[in-house]
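Consider the two complexes below, in which chain A is the common component and chain B and chain C are the respective partners.
Entry: the complex of A and B
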């Protein structure tokens, strides 16, 4: 199918042509070149993936094609949509072009939709921007579109507001708006990054169907090589504003020519690339002590005048010293809540949380403080995990200050050693977080978590905001330090491949309940539960041939469970 | 441990807007033309009020009816004299001293009270916040001028008592502003990280929340100073300010108004102009500071 599409595409004229595109922004004294001479071509019915890490210029290129760059950007070169050069169009012509000839799908569906308008109104708006339609016609076309993007009960959903729909349904609405006027090109900027893997698989399926049924060309911007393998016909790899490699998806992903592409692919964590063995064969008496124990824990969020929401439901799990327990699940599965509950940031409604042998409820006052000395925490967002007004050294030393450990000089010495542990120069202690990259900040977060020599580290999605190559170094560092210091670790992540590479044991969550748990290789390679199987088969792998097989397997799981439900 | 974790091959872009440091804020403030003008005006007024008497000594405690109501340009009295023979230029200097001291002290006091109150309210949130903010709402509902006049009628006015009274009515606005910021700052991961290792509420408020509202606080403080100078002018104008022979610009204006029909315009314009100048200057500095803290907007 893919080859047939590529063949028929070859004889038609390109719908999007980029010739020697250069874009620069003002930054400090000189201008910053975001894009430095990019050439691309996209034909009808083709999916071209633009991949690269943050700062590679891929999103800027896409925004330029929509004519959505900020006014202080300088653009040179040619950017043809059909036969019109976007860089030379006025505001009115741009408005006319957007939506009709080129549509856009954004990363975050919940912010791409207006919360005070119904989804029907918003799709109607996209239609009437370019066509004079009667109210009845608008309604009819909106229904058609909602059906085309696979929204169940479209007549009902038309009257729904965005917050009443799930993230996946919202993204379908955004896609419906993008294709409303049948544009020749859709630009999809990280269309599945904000979504769960199972939903991501559905959205990718939808985009593929739209491409096949309407012949829409798709410029797919993503950092996820698995998504590329699943969807793209051709791939362009960008780095520092230049395309370093172009080719068919198969060629680029299986036989990369440029060393950067090779490095990028090597950094992608792959499911099934081996995991750490769980230490299960030791006799029970020799097992290291339990550092975190949750017994039938239930967490409910109460809002006045509304029924309580149960985020965590009767969860029992234990983390021992020296082992990494991976907590996996999709959004809303309660995995972050469990982490916060273990830290005492959220109270448990029922059940017992035992932290380093002491009941959470007795962790008040000076005794609680002493116990907390043994706990470190690494949080998800490198942008907000460090206080922007504190130097890195002060941030790392703060837990020591709180627990009155050592003299000032001793603390400074320990900060230097911790920085060395996370491979940062001692001079970093005097720098502020904004002077560091996301990966460096996350390493500082790790150093802060380790500053009191903890027995337990709770890491909540510590790498999910990072580029793959940076993620790889942070993960390697974490496993290494864990092996050296021997702390127990609760590692929370939505990314199965990441969990596989660090965790000894895995706990799979769904809707606040534990679905399956066990040694990493058992759960991820020989899953017992349907949900785990679906989760695993939904993760796209960066190999087009393998991915096609996995997609078929995922469909089979879905069909099977549908049959099971019906029967 | 072997050598691993080579730096990544691609340059990374920091995800956040950098929090501006004091030095860079100051640099941007000086480059901001209007703010620089405001700084110069305030500087000149401070020099004039505090160092001026050294150049132009004028006795302000003794009245001299023989030299009363002299027009500007009279020998030894550049700006003339008032109804009881005080030199207007000299009086403008010591009046400025009172106005500036009261204004700046009040601005500081209101900002300190408001910041602490707002940060505590925002950090704890929930019921504590609800109660603390209703107190602020109640305070805002009472007209400040009314409170001031009542207080001034009961308490003998002095610089200290004026600062305390004015401070007491002006802390409400910074309290609200800081509370709003604290509400969002308390959900940041770094606050969660400090709580998780057992950091106390006091530490979080003083070390993590308040420093991160410094932009809002400084900008608002300059406006507070301007407002306080205006307020003290109102109160003095109504005759309830610092008692003679001390004075401030509002008091001078009040004295001048009684002489307006005798054509003594030189008793009105100098203090009036001084008030306008200092209030505008502080407002310009505040605007400039806001731009300097918000890099994105200044582009």
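Entry: the complex of A and C
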């Protein structure tokens, strides 16, 4: 055999093999099966995406491959990293394997790093765990790693603490730790989910580069089909602990065989799949009344002895009855602050906020209560937005109780009608939030927001904590209810595709300022500003061929703006 | 960092000033006022008015407060008529001894409580954890004076290992020359502190063990011992250190009991004796000193925390 042939034989041997993997956890009287017979194979230089919704068992499979499952988990089957079976290794062997043969990248980069140790220390530890190096060698290798993952000014950043770095830089540091000892496999568990789209695009680019330059195999765990299309060679779709479909990315994404995959892909909101038309230019007199108006609003956060941080800078926007205004932007753009300011939770430093025709500053006492009756709120995390000690019925009725609306019987009747509106059975009124799924809880949140028949609903990332299929039903519900009840809605989201599907008009924010605004189809399909264009081109679409083209377009936008900056 | 320290120092000074205002107000509300206390119950109103004029007690309160503050700055805490001694003399004589006793017993307590709490957290819900939890609950709920008597009965009377009385020397060196006599008072003070601080350390370690960064450290193949001590230990220590700062008044409260039982000539004993003869200048002097010590303690705790946790430093930059 020639050397080249030997190489290719070594290349074709799987670096990670999963055979009939079964994992169960203790839960109540019997054990809960999280993974029920999974087979996977990952080869050198390959990116295998493991996709599925929450509870599908994809993260549990990943943790099992690292030997990081909690001690009460029962594992059966074979899990080979190289030729060693992880399920049979002792603690010392496991420790030796982690980092050297298999590395891991986590979802939340800011909490994945130890807050009291410098970035350099933490990367250095990944090296010294497996190699005997002098302090000078550790420093040199750490610098190389920081450079390899594209961190500017590595010598300074080495001495920085995680809280001094942005989420994107933190994720690069976590990736640097994962590849420190050049493992054959990296498991990336939702590596870009916590990041902004433009940063997500950068991290995906980095992972692709590492795969190409080092031949590292990547097991990519994600729920985002766009990320799959961008990065994966092959895809395994998981549901309820089993793999329902495996194939090349192109095959699975464009011609899915299993009905679950088809449904999953259909639920993914796609940018460019059409939007709701904005109100046409009717004569001013005929237009519905403005329910929320912000005029030159500025919000500053002050801390003693520090310059004020301007979160919102001279923002003017209006929401009319019957229209949904999408507020999009990345983290730190001020979109949530605007929502909070509209609700009066954060005072405006300058400018005027007019809520249902009344100046925010005059919303005190009984007048304030009367105006607030007309405003509903839906928040991001339905699990923490509902009082765990109140039944769903009590939660929905609470706004009516506070505003002394109706008799007890009338309120109960209205709760039943609201539950019906959000497609929940009347029996749900007696249940507690923890007995419901995330999607059901968010529908309860929606019902509560509509409890007093509001003229304005402020929804802050109402679906970003939900699975795509659940997100789809909640969004459809929201648009239906909005069309029926005709309330105005300020819809805050980082997800352009979601905004496209619900909003009539879109406002794009960057650094607290409005970059671009207009009818949804104009802003998202014919953007005028570079930033909007970059934002749109950074959103990965669930089609590998299309996505490759979009990636090229995004790179072009970046190059163009770099040239514009230089010129 | 410098800015953080300066800001924190300024806060501390403000708090101490507020304490002086309260103590001043208390001094002023003494029954019959200082004139009655000093001249006795036989004094005529004329004599009292005369005395008040001489001492400046008829001046506006603000002026009197500023004068009081001025005297404090010169180390004048007033005069104890029961002891016929300056309060400041009592304090300078006694404070170092109390600091020695509470300092040593706190050090001992931390040296035991921190590893114990971590050990328990790592062995959560196993036999060892349950046994230690039971013991700490027992220690926590046992009154200090009972514990002290028990210690004397067991280790001084039944098994004569240590003397029942604390060192009586006037100087610190003299006290340190009798380490055996310090064991029981130090241990009595330490046991309660161990009980509460090992609980803090245990729950703080448990919280941190569930953090993402622990999983990251394990995922790169870090030895478990290192994960526990380098990663978790340091992060778990910060809330415990904060508690330590606020624990100082409790320590003094404990010193009150231990000092009077072991007859240790510290601040606690002075306070105990003063309380029995209603020697208000000494009582309020001690209150002022302890309040100041608490402020300094929490200041030190914050600075220590800033040293451990870079985010604390950053927040005030």
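Simple rule for what comes next: the second predicted complex is superposed on the first by the 556 of 567 C-alpha atoms of A that agree within 3 Å, B and C clash if a C-alpha of one lies under 4 Å from a C-alpha of the other, contacts with A are read in each partner's own complex, and residues count from 1 in each chain.
To be clear about the criterion, a contact is a pair of C-beta atoms (placed from the backbone, for glycine too) under 8 Å apart; a residue touches a chain by one contact, two chains touch by 3 or more.
These figures come from a predicted structure and were not determined experimentally.
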Return first, second, both or neither, reflecting whether A:505 touches chain B, chain C, both chains, or no partner chain. neither
May I ask you to decide whether A:376 touches chain B, chain C, both, or neither, giving the answer as first, second, both or neither? first
Comparing chain C with chain B, which touches more residues belonging to chain A? B
When the two structures are overlaid on chain A, which partner does A:180 contact: first (chain B), second (chain C), both, or neither? second
Could you look at A:343 and tell me whether it touches chain B, chain C, both or neither (first, second, both, neither)? first
Check the residue A:465 against both partner chains and state whether it touches chain B (first), chain C (second), both, or neither. first
Residue by residue on chain A, keep only those touching chain B in one complex and chain C in the other, then list them. none
Can you list the chain A residues touching chain C in their complex? 66, 68, 91, 95-100, 103-104, 106, 108, 111-117, 125-126, 129-130, 161, 163-164, 174, 177-178, 180, 304-306
For a test of understanding, state which residues of chain B touch chain A in their complex under the given definition. 1, 4-19, 21, 188-190, 192-200, 203, 207-208, 211-212, 214, 299
Where on chain A does chain B make contact in their complex? 26, 53-56, 72, 239-240, 260, 263, 340, 343-345, 368-369, 372-373, 375-377, 379-390, 395, 398-399, 402-403, 423, 432-440, 445, 448, 452, 458, 465, 467, 469-470, 473, 476-477, 480, 484
How about chain C: which of its residues touch chain A in the complex? 3, 7, 211-213, 215-224, 226, 230-231, 234-235, 308-311, 314, 316-317
